[in-house]
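Here subunit A shows up in two complexes: once beside subunit B, once beside subunit C.
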Partner chain A sequence: MAFLAQQTVNGIALGSIFALYALGFSLVLANLKVFHLAHAAVFAWGAVIAWQLIAVWRWPSLLGFAVAILLAGLLNVVAYYLLIRHLQRRRNLELAAFISSLGGLIVLTELAVLALDNKTVRLPFGTVPGGNLDIGGVRIAAIQVITLITAVVIFLLLRWLMDATELGREVKAAAFDRETAEMLGVNTERISALVFFLSGCLAAVGAILVALAFNVISADLGSVYVVTAFAVLVVGGFGSIRGAYAGGLLIGIVSAYATAYISSSYREVIVFGLLLAVLVLRPTGLFTVADAAGKA
Partner chain B sequence: MRDFLDVFGAYDFLVRESLVLLLVALSIYLVLQAGMFALPQVGFMGIGGYVAAVASERYGVPMAGQLVLAALAGALAGLVLGLLLARLDGIYLAIATIGFSEIVRLTARNLHITGGAVGLSGLDRTLWDALIVAIVLLALAVLGRLAYTRFGLGMTVMREDPLTAAHQGVSVRGYRAALFTLSGFIAGTAGGLHIHLRGFIEPSLFSFELLTTLLTVTVVGGMVSVMGPVLGGLVVFSLPEVLRSVDEYRNLVNGALLVAVLAFAPSGLVELPRRLFQLVARLARRRRTPAREALAAGPAPAGGSAGSVRVPSPRPATTSSPDPGRLPPGSDALVVTGLSKRFGGLQALDDVDLTVRRGEVFGLIGPNGSGKTTLLNVLSGVYHPDAGRGVVLGTPMDGEWGRPDRLARAGIARTFQTIRLLEGHTVRENVEAGAYLIQHSPLPAALLGVPSSRAERSAVRQRVSETLELVGLGDLAGHEAGALPYGLQRRVEIARALVRGPGLLLLDEPTAGMTPQERDEIFRLVDRVRAQDIGVIVVEHDVQSMTTHCDRLAVLNFGHVISLGDPLSVMREEVVVDAYIGRRS
Partner chain C sequence: MANRGCLALLVSGAMVLAAAGCGGSDDDASPASSSGSSGGKTVTIGHLANLTGAASSLGAPYKKGIDLALADIEADGFLKGVGASLQIKTEDTGSTPTNAVTIFNEFERDGVAVTVSDGISPIALAIDPLANESKIPFITGAGSGTPDDDYEFHLSDVKTQYDELAPYLVSKGGPRVAAIVGTDNPAFPLLTANLKAGLEKSGGQIVATETVESGDTDFSSVLTNLQKADPDVVFISTLADQAGNVLAQMQQVGGFDGVLKTVQSGVSRVVADVAGAGATGVVLRPAWAPGAPGSEDFVTRYEAANSGDSPDTNAAFGYQSGWIIATAVKKALEGGGPVTGEALRPLIAEASTSAEVKQHGIIPDLVIPASGATTWPGVLSNFTASGNIEAVKG
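Here is the complex of A and B:
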């Protein structure tokens, strides 16, 4: 029983990271109907920048994280202008943007390889407190607690931003129907830039958590999880915040159980099997009810 | 013959592998240029490779047998996947198919028979170069020729607009299954060849990274013809050698190339020379003859700009104008009974019974939202009705509901309320799309261009020309359809519907937004159509011209036929006046 509980905790922690990662894809997808693959590289860059600031330049870690998060957001805005913006009027936008963003992913990943001199690096030991919480035989690492709290805080922040602010209404209007929103006075250009900024920030948050939890930073930090992010989005449903969290947690827990009870080598087979099954049987995702943004 | 690619010296392996990978790129090209954003090809290649490797290692199957098995395994995987993912489109399809490739890779890594993560090695490496070259050339020839057959036509229309394609009789489901199968066949073959180049197979070969390389090949070259992937392959596969001195930047260059091509040369490098040539020619012309150009630009020549295209006046109708109120003779074109369709809480069609005869112009009127367009959409197969039966031109519709391609085969053709032309294609090409169903050459004959298939093509061209004449577009065949004024675009749609000689024509607001004069011209055209013994159902708001030009009218309100009969008496009925004007108190 304790073992099951332990795996559930591990799964939730892992799933929170998946959710944060997938959320970035999802926001952009809802806004522009674009699968922004280069997001994966922005994710890696979030961790690389944090490493540069904290490990190389010896900045205080919290300041380093904050600056890394902002810079990753800006990087994603640059990516939007260089990779996506000029393609919006193309008839085959989905394909063109996917491939253009894929090109961006390759370029950014290679630049990260150069920046890291093709090495795997680590954040300094002790950046986050070590130690474990022990509740009835279930060990919860400090980083797991931090991850969970971060995920919950971001979820609440995003929901507040989307549901309670003028900006959020504009984002939703632009996602629902760009042209109409434009006619109603929404500056959709600014909204897109903002959405890319937010999703870039989220990527960096996720990346820093990965860097802390797994103690590893490499150029392909994001790329290795791209297909997992696909699975999260498909299972949860495209373009919804709740869906990304639900999908992330489900995939996280399934991964943890599969690793614990079957075999770690089958973990991914099971995750992708789930992905295909959902796509075949319920293409709108398990957790969305006719989501307008997801259906388009 | 065996190793003639050795002439490439140190590059011999690179050349051989590039050729095999070109095959996979072609299998990607095949699917993408039909408008399906599906990327399962690396998975197909992996399946082909493993089947060949296992057949060779465990069962001692000879090379030829392995290749056949690899191709068939790829094709089977393609067929199954195509059927499973029939409902997916756009980015969902891309993600599902990439997920499929990952599953193939991960499964191979976990199975005992495939050698797990290490894979299988020590495979026969005596692959004849002639075989590789022959297979690649064959694939290029088949895919290149395909564009000039009716199947290529079907794929083009499908890419531009699947709904329009279905209404021309293209079975989108069938095409999808067939294209997935063919794509799997080609990629599977490539997988079978590939293991004999390397002498081993391992799961990590079939990664997302390979897909990105192959996608780069396809896109950088351009998806306008098979030469696109060839050129792309040339660039992408030779790049590492060219950049050998700066090896660490080579992926970087690949990625940047991808971004740049999409931004600046959307149709790929293969189109670049032509575009540059056009650009240079235009600049040169401008510099050399400014005076003459100014002169030409002055008085707009007939048919110059889109706005000033002379509307060719249709030839006078050959039949006398209809005698209002009299049912014209003729067999039934359409009989439907009890047709109902509900959208959520809205009963869009409620127990509709209709009979339309051949050679009859049947008008459908009613207030906004009364179900007119829904009725046409059910009849043409856009929607599946909840209940109802029907016979169209002798074919029972029961099994065909919701299948535009089958209903088109049964003899229904239609135009759309919002014009659905293939933009960027000429008027002639648009009308040729409608002629899909009157071409019957089987695939091999069409590919080989045998005399009978060539004769069929020229007959189709002839038929297209005649139809263009009929609708008064004979002079505009070469114009881009999307650039024509609205009224003429309507005529292109009508021509596209008429070209295959349907028995029942559905016109959804064919004169919306037209001047009274243009409207009369369209109705005169309808008269000429009716004279060919075609039943016509017209949906239109303009009650005046409908009462003048239709033989019978049906009035819909809240999905109900509230009145049906000859136009004058229908318009006098109280329920009709009520529906339009509201109840008098």
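Here is the complex of A and C:
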């Protein structure tokens, strides 16, 4: 039983990171119906900036993380203006923006390769507190606790932001019908920029947690997880915050159980088998978004 | 999760197009440079170096090792008597087989007499058929190669070291060994199979095997599985970065106190750079390590030439390769023949056990047979608290 509980904790911790990553994709999807692939590179840059500030320039960790999160948010806003905004009046926006964003992914990733000299780097030892909790034979490492709490807090904050604030209502209105929202006085461009900013910040939070938990920062950090993010969105439901969070946890737990009870060799077969099963049995995902107004 | 598919596919596609585009215009290129194989006195070594990417932890020390060997060969006047000199042309593969193939083809066009690489098996396996076809010897630090009678020589001994290491693990740690094995490099499962064979002779056994892919970063579930198996020893058969990460996470999650840890012998001090204190005391049996008998002078000069960096087994492979090639070239010229790949091929095996290489080389018991599958007994070593790999004393 302790083994099952331990693997469940492992799965939830891993799934929390998947969820944070997918939440960024989901916000943009909900707002513009665009799969913003360059989000993967913004994710990597979040960790690269944190590394530059903390490991190279010796900034205090918390300050370095905060600045990295803000800069990743701004980078994503720049990506929006360069890659997406000018395509909005174009027919086939989704495809054009996807291809444009793919180009952005490649450029930003290659820039990260140059910044890191094609090396894998790490945050300094001791950036995350050591030790772990032992609850009934289940060990929860400090970084797992931090990851779980961060994911829950961000999920709740996003829900509050979208459900209980004027800003959230404007985001939903723009997602539902951009032109009508504009006629009603919503500044949709500002809303999109804000959504990209939030999405970029979320990417950096996820990337910093990856850097702390898995001890790795590389130019392709975001690309490593991008297919998993696809799976999370398919399972959870495109454009749904609840879906992205639940999908991330589910994929994380399935991944851990596959390793625990079948074999680590079959882990991806099982995870992506789940994706295919959801596509066949429930194409809208586990958390169906009844209509566009329910998104975000 | 290790899905880099999208980006890798695009980049690979671009590289294939680039390679195809370049190939067409070079049909009339000169087959050999004036400093190349036949007739020339300057013999060029083509170095497929993994200076960036996943195997950079192998490539950097190997380059420093072979550069030092070439400097020593020049300073010693080793080839002066036969009126020859060595030069090396180094190209970075980025640790990818596709780049390595492109670079090898360039080397062939440039007329290099012999090629070397620090070597990871996927690159070695990609280059082997090209080396055979072009009859240019390829000396790699990798552990896997194609069958006998070819132009490939791999320096990593994937078998003999485990005959020696297994009894040590059983006596110092215990009989129950759990393994974490990388699956996208054929050398890693092979090493594990050979450890298993060694353990069975020593009263030990592998009680759990967990596989990981090179892109995997989260090992929490794998480590929980290992804890369930209650091992005395954990064997990690992956590249250095990943081995370091596994060790770091073992320390992070706890529960492995008192378990002896060991890694495959091709790793570098990057393991300790990644794992920090988690690497201290980790055991391995590389071909060579600082502290091995007769190595003080090499260590001192290597450190002096490289800003205090300590050499490792990859540096030793580079150094040894340099002296083996120099000796083979010398023998070819003394025999009155040209310094071609075909001429060098049998001489490389012969040179590995020659008096010259025994005198100047750093791994005295390294033997390259005609088959190319090198053997060496290795040096029982561990990671010190400062992160260096050093021979275990006593």
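Note that in this section the second predicted complex is superposed on the first by the 290 of 296 C-alpha atoms of A that agree within 3 Å, B and C clash if a C-alpha of one lies under 4 Å from a C-alpha of the other, contacts with A are read in each partner's own complex, and residues count from 1 in each chain.
Going forward, a contact is a pair of C-beta atoms (placed from the backbone, for glycine too) under 8 Å apart; a residue touches a chain by one contact, two chains touch by 3 or more.
Note that the coordinates shown come from a computational prediction; the quantities given were computed from them, not determined experimentally.
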For this session: Return first, second, both or neither, reflecting whether A:139 touches subunit B, subunit C, both chains, or no partner chain.
Result: second
For this session: Examine A:184 and indicate which partner it touches, taking first as subunit B and second as subunit C; both and neither are also allowed.
Result: neither
For this session: Please work out whether A:268 is in contact with subunit B alone, subunit C alone, both, or neither, and reply first, second, both or neither.
Result: both
For this session: Go through the superposed model and pick first if A:104 touches only subunit B, second if only subunit C, both, or neither.
Result: first
Exercise. In the superposed arrangement, does A:256 touch subunit B (first), subunit C (second), both or neither?
Worked result: second
Exercise. Which of the two partners, first being subunit B and second being subunit C, lies in contact with A:62: first, second, both, or neither?
Worked result: neither
Exercise. If you stack the two complexes on chain A, which partner ends up touching A:227: first (subunit B), second (subunit C), both, or neither?
Worked result: both
For this session: Look at A:149 in the shared chain and tell me whether it touches subunit B only, subunit C only, both, or neither; answer first, second, both or neither.
Result: neither
Exercise. Is A:157 in contact with subunit B, with subunit C, with both, or with neither (first, second, both, neither)?
Worked result: neither
For this session: Return the residues of subunit A at which the contacts from subunit B and from subunit C coincide.
Result: 102, 105-106, 109, 118, 223, 226-227, 263, 265, 268
Seminar exercise, completed: Residue positions on subunit A within touch of subunit B in the complex are 29, 33, 35, 82-83, 86-87, 90, 94-96, 98-100, 102-107, 109-111, 113-114, 118, 223, 226-227, 230-231, 233-234, 238, 263, 265-266, 268-269, 272-273, 275-276, 279-280, 283
For this session: In the complex, go through subunit B and note every residue touching subunit A.
Result: 32, 37, 84-85, 87-88, 90-92, 94-96, 98-100, 102-103, 106-107, 109-110, 208, 212, 215-216, 219, 248-249, 251-252, 254-259, 262-263, 266
Problem set entry | Residues on subunit A engaged by subunit C in the complex (per definition of touch) | 3, 6-7, 10-11, 13-14, 37, 102, 105-106, 109, 117-120, 122, 125, 130, 132, 139, 141-144, 210, 213-216, 220, 223-228, 255-256, 259-260, 263-265, 268, 271
Exercise. Which positions of subunit C touch subunit A when the two form their complex?
Worked result: 1-8, 10, 52-53, 56, 94, 183, 210-212, 215, 217-218, 220-222, 224-225, 228, 241, 244-245, 248-249, 251-255, 274, 276-277
